[in-house]
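Next, two complexes with chain A in common: one pairs it with chain B, the other with chain C.
Coming up: the complex of A and B.
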C-alpha cells in the first residue's frame, strides 16, 4: 500500500496482521466477532438496495433498534430466555423498521429522495436516543443502559471450543449467517424478492406488470431497516450486556460499503463483512507499529477502488 | 427572562455570526456542486481534510498564511480526486461521497495519532491574521475583523452574481438542469461539472480552515456533521444563495440558542434543540414550507 510510505515496512505490517489474525483462535474469533454486525446490517441494507432504495440511515435505525433490544431484554430479565430474547428482538425489529418506514412514506407520498431524509433521520434518531438514554434510562454518569441478566446472554464460542479462549465471538455469529442466508433466499427465491428486484431494476415496467411499487418500497424499507436492529444483539447479548451510546462507531456506514462490495448479494455480504472484520481487527494487531486508524483509510480506499474497477470493467468489457 | 436578555445581546449576535460562517460556506459549496448536477455528500470530508491541512501546514511551516493557502490547495486536490470518481468514472455520487467521508475521517484520525501521538487533537497553532484596526470594536470586533467571515457575507452577492448573472453561471446551471441540451449547444458538460466540484472544494475548505483557525487546534470530530447541516441548509434554501443565507442564519441561531440553553440550564433538553435543523429540513422536504425543486439532472452521471 502506497500509504505505508510513512517509513514502516508494509510487509512487516501485513505479515504481523496475517499471523495474528489467522495464527490464533483468539485472532480468528475476534475477526469473526467484528464481522458479525456487518453481516447482519449488510444483509438488511442489501434488501433496500435491491429495490434501488439508498438507505443511508442504517446508523440511526440500528442504534434505535439496539437501544430498544437492550431495554426490553433488561426489563424482561425475569422471563425465561426463550421468551425474553425473541420479545426483545421483535421489539427492536419493529422500532427500527418503523423508523425506516418514515423516509419510505415520505418518498412514496411526496416523491422526496430517501437519501437526504435518511441522512437527516440519522441525526434526529441519535439525538432522541441520547435524550431518552441520558434523561431516563442510563446508569448514572455513564452513557449505557442497565446490564441485562446473564440468563438472556448469548453463549460464547469459547464456552464450548477452548481454541477461541478470550474472544468475544458468540453464537450471534451463527445467527448472522442464518440471516444472510435467509435474506438470500428472500431476495432471489421468493416472489416478493423477485418483485423487489423488479422494482429496483425498472419501476415503470414493474408497474405495468401489476406490481404495487409503493407496497414494495414500504415493505423493503421496513424489513431492511428492521434487520439492522439485530446488530445490537451481538453487542448487547453477546458482549457487554448493555446498550451503549456510540457503540456502533459508524457501522451503519461501513455496512453500506459491505453491501455494495458484495453487489447486494447477502451471501457475498458474509465474505465482504469478513474482509472488513479482518481489516478492523487486523488494525488492532498492528497498532504498536502503525496507528490502527490506518485501517479506516484502507477500508475507504478498498471501497473506492472496487467501485472504480467495477466501472472500468463495465466500460471496457461490456461495450 | 435571563435567557431572553442573553439572546438579544451583541455577544449572542456575534456568536450566531460565527456559527453561521462554516454553514454558509459549506452550503454554497454544496450549491455550486449541485447546480452543476453533482450531489456532493463529501462536503463533510472536504471540510475535515482541509481543517486538518490547515493545522498541519501551519504547525510545520510556522505560518498561518502558508497553512491557509496549502489547505485551500488540499481542498481543491481532494475535490479533483472526487471528480475523478464521480465525473470521469461515473460512480454513484452518493456512494462515492459516503466512501470519501469514511476515508477522510479515518485519514485525519490516523494522521493525528501518527504525527502527534495524541488520540484526539493536534497541538495548538496560530489562527489567521485579522484586520487589526477593526478588532477592538466591542463585542463584534472579532467578527468584523475576520477575513473569512467577511468573505462569507460577500458570498451572498458573489454566489448570486456568478450563478445568475454571468455566462459561466448560466452554463453551469444548464449542465445541472439538462446536460443533453447543454451539450447540443456546445457546452463541455463534464468540464462544467468539474468547475462546479472544484468551486465546491474551494468553499468547503474555507469552511474547514475557518473552524480550525477559530479553535486554534484541530480535534477529531470537530466538523461534527456541519457538512451535512450545510447540505440541509442548501435544500431548505432551495438552491438559491439568498434563501440559503436565511437558512444558515436560522441554523446558527438554533445552535447558539442550544449553547445558551446548556449554560443557563433550562427545562428544554439540549438534544431536542440539536435535532431541530434536521427536523426542519425534513418538514421542508415534505412540503410544509413551500415546494422544493432540485436541479433536474442532479445526481445523474453524464
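Coming up: the complex of A and C.
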C-alpha cells in the first residue's frame, strides 16, 4: 500500500528484497550479521522484562560494555586469545551490569520507576563515553579506539564457507545463539529464573512466598544489562576491530521491540531478531528504488501486523 | 413474571463442562439464590448472563427478549449489574472517580463532578451506605470497597443485580447491613441474584433457591419449602459432609513458640497496633477474630518477618513459618503459574526446576487434597476459588513448618472444602504445630480455636479460653455471641447502658 502510494510496484520491491537476501550467500550473511547483536541484546532485555523491569537503558549499557571490551581487548593483545577474549568479555559484562545496577538500586531504595532512570542513564553514559573516548582513548581525529590485534579477532564465516564471501558474518553469531539458549534455560529452567518470573507476575505474592524481591530486581538488572555488553563483540572482534562511537545506531531500542515481539522468550528472540535483520538488510538492498525512510515505515507496519495477527490467533484459540 | 429464563445452557472449557444443560428461570423482583460447591458452575453461569462468556449452547431470555451479549457492555445496556467476587476498583482513584468511570457526566468536555456527586450522595443517603466520596479506594476497608461497587451498580441504574459471594468478605455485623441494602433493592422493584455458600444466609434472605452441582441444575425450591438439611445434601451430592469430632488434641510437650508483647505500630502516623499481646503455643490454635482492617494483617506481617518497623518485644523460637494469606490472588499465588509451579516456588531446597519435578509436585497435591482443575498444567487462575485455596494450604502445610498462620482460610470456599480445610488445620495442631487463625467468621473461630482474642483497633480487647466459649446451652451461647459481636465493633462492657 505504502509502496503503491509512492508509485512503486510492491511486488518488484519485495521480490528484490527476497532475492537479495536469500539469493546470495552475501545477502544471507549480512542479514545474520545484523541479527547477531539483536539476539544478544534482546536476550538480555528479555531477562529484565520477565522481572517486569522495563529497561530502556540498553543503549547506554551496551555502549559502555562494548567500549570496555574494545579497550581491554586492545590492551591485552599480547596475551593469548583464550585469555584476552574472556577477560574482555568479563570486564564488559561487569561494567554494563554495574551501570544497570544504578537504576535498580534507585528503584529498590527509593521506589523510582526504572523507566525514567534508565532513560536518563542513557544520556549520562553516552556523554561519559564520548568524553573518555575523545579525550583519552580515541585514535586522533576519529571517534574510535585503537585497533585490536588480529589474534583476538573472531573468525568470519567466509573463512570456512566461501558462499559467505564478503559478508561480515562471524562466529559471534553462533555465540549469540548460545547466549539466547542459555538465557532461555536460565529463565525457564532454573530456580532463579522462576523467581524472576514470579516477581514479574506478582511482586506482592512473591514477597509473601518468601522471595527476596530486591535481590531479584538487582540481579536481573545486573545480568540483563551485563549481557547487552556482548553486543560489542560482534562489531569489535567480528567486524571492525575497534570500538566506534555511535556503532550501535539505536540498537538498544530496537532490541526492546525484538524482545517484546518474541514475548520475552529468548528462543523467540532469535527469530524476531532474524526478522529485524532481514528488514534491515533487505531495506538496504532496495535502497536504489525505494527511499530508506519508506523502508522504515514498512518495517514498522510488518511488526504491527505480526503483533495483531498474533492477538487474533490467540483470541481464536481461546474461543 | 419471569424476568430471566435460562434454556439449556451449556458451556465447556476444554474438557471441563462448567454448565451442563441448565434450564431455570428467575422471577421479577425476587431474591434468587444460586448455591453450589466451588466449581459447580455458578460463577460461569452468571458470567454468561453478564456477557463475560458466551454459552456454547442454549438461549437466555431477558425481559421476554432473547439476549445475545457479546460483552458486559451489552448486559449493562440491558440494565444488568454484577458485583464480582474480586472488586474491580482503581486503588489510586477516589470513590467518586471510581463510580463514575465509564459513564461520566460531562458538561461540554469537562467532567461534571458536582452533578455526579449530588446524584451519588442521594444514593448514599437512601441506602445508608456511609461512604465519603473523596476518599481513595486504598484507604477503604473491604466492606467499604464493596459498598463502592454497590454504588456503581446504583449509578448505572441496574435493575437486575448479580452478587457473586458478596458476604464472603464481610463480618457478621456487616452482613446484616448488607442484607438491609438488599431489602431496599427489593422494595425498589429490583431483581437480585445472589451466589453464596452460606446456607443460613440463604434461609434468611432468599425467596427462590437453585442448586448447581458439577455444572448441572439439581434442585430448586422456594422459601416456604426450604429445608437446610435437604439443601446441603443436594449441594454436596452423594458424599456426606464430614462432621467429625475426632481427637485432635496434641499430646506432646507444651511450650510457647512465639510471643508478641506490647507491640506498637504506626502507619501513616496512625496507630494500627496498640500494645498488642499474644502468645502462640505448640499444639494450640489461637484465634483472632475481628472486623477486617483492625490490625490483623499487620500482626501477620510482623510475625512473618515482613514488617520490622514496630516497637515492642517479638520472640519467635522458630524460623519455619507458613502463611496462608487473606487475599489468595494478590498474596498467595502467581496466578499465571501452574499448580506445580506455585508449589515448587516455595521449596527453597530444590535448585533445578524442570517439568518433571513440577508435575510431580502438582500430582502429589492434586491427589492428596482432591484438587479439581481443567488439566495439570493449567494456570492457577483457571481454578475455582476453593481449589486455589486448597493448593495454597497444601503447599504451606506440606512444608512442615513449626508455626502456621491461617488468615481467612475458608473465605469464599464451599462447605465440603471448608470442612476439609478445617480438618487439615486440626491435624496440624495434633502434630504439635503452633497455629494462628485469623478470621472474621465467628463460627470458624469458635469451632477451631483453643483460645481466641477479639481484636479491635489494633489491640486484643478480650480473650476467651475454650471452657468459656465451648457452651452447650443455647441461650448462654447467644449471649456470648452477642457480646463478642459488640467487642468486635468496639463497644466494651463498661459502655453498656
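The working rule: the second predicted complex is superposed on the first by the 296 of 319 C-alpha atoms of A that agree within 3 Å, B and C clash if a C-alpha of one lies under 4 Å from a C-alpha of the other, contacts with A are read in each partner's own complex, and residues count from 1 in each chain.
Everything that follows uses one rule, which is that a residue touches a chain if its C-beta (ideal position, glycine included) is under 8 Å from a C-beta of that chain, and two chains touch if they have at least 3 such contacts.
Predicted model only: the values in this text are computed from it and were never measured.
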{"item": "Chain A as common anchor, with chain B and chain C clashing or fitting", "value": "clash"}
{"item": "Chain B versus chain C as contact partner of A:210, first or second or both or neither", "value": "second"}
{"item": "Larger contact residue set on chain A - chain B or chain C", "value": "B"}
{"item": "First (chain B), second (chain C), both or neither touched by A:201", "value": "second"}
{"item": "Contacts of A:106 with chain B and chain C, given as first, second, both or neither", "value": "first"}
{"item": "Contacts of A:190 with chain B and chain C, given as first, second, both or neither", "value": "second"}
{"item": "Which superposed partner A:299 touches (first chain B, second chain C, both, neither)", "value": "first"}
{"item": "Superposed model, chain C segment overlapping chain B, candidates 22-30, 94-102 or 238-246", "value": "94-102"}
{"item": "For the chain C and chain A complex, residues of the former touching the latter", "value": "304, 306, 323, 325, 330-337, 341, 344-346, 348, 350-354"}
{"item": "Contacting residues of chain A [partner chain B, same complex]", "value": "6, 54, 56, 106, 110, 112-113, 115-117, 119-121, 123-124, 127-128, 130-131, 134-135, 250, 253-254, 256-257, 260, 290-291, 293-297, 299-301, 303-304, 307-308, 311-312"}
{"item": "Interface residues, chain A side, partner chain C - complex", "value": "189-191, 194-195, 197-198, 201-202, 204-211"}
{"item": "Contact footprint of chain A on chain B as seen in their complex", "value": "39, 41, 85, 89-92, 94-96, 98-107, 109-110, 113-114, 225, 228, 231-232, 235, 269, 271-272, 274-275, 278-279, 281-282, 285-287, 299"}
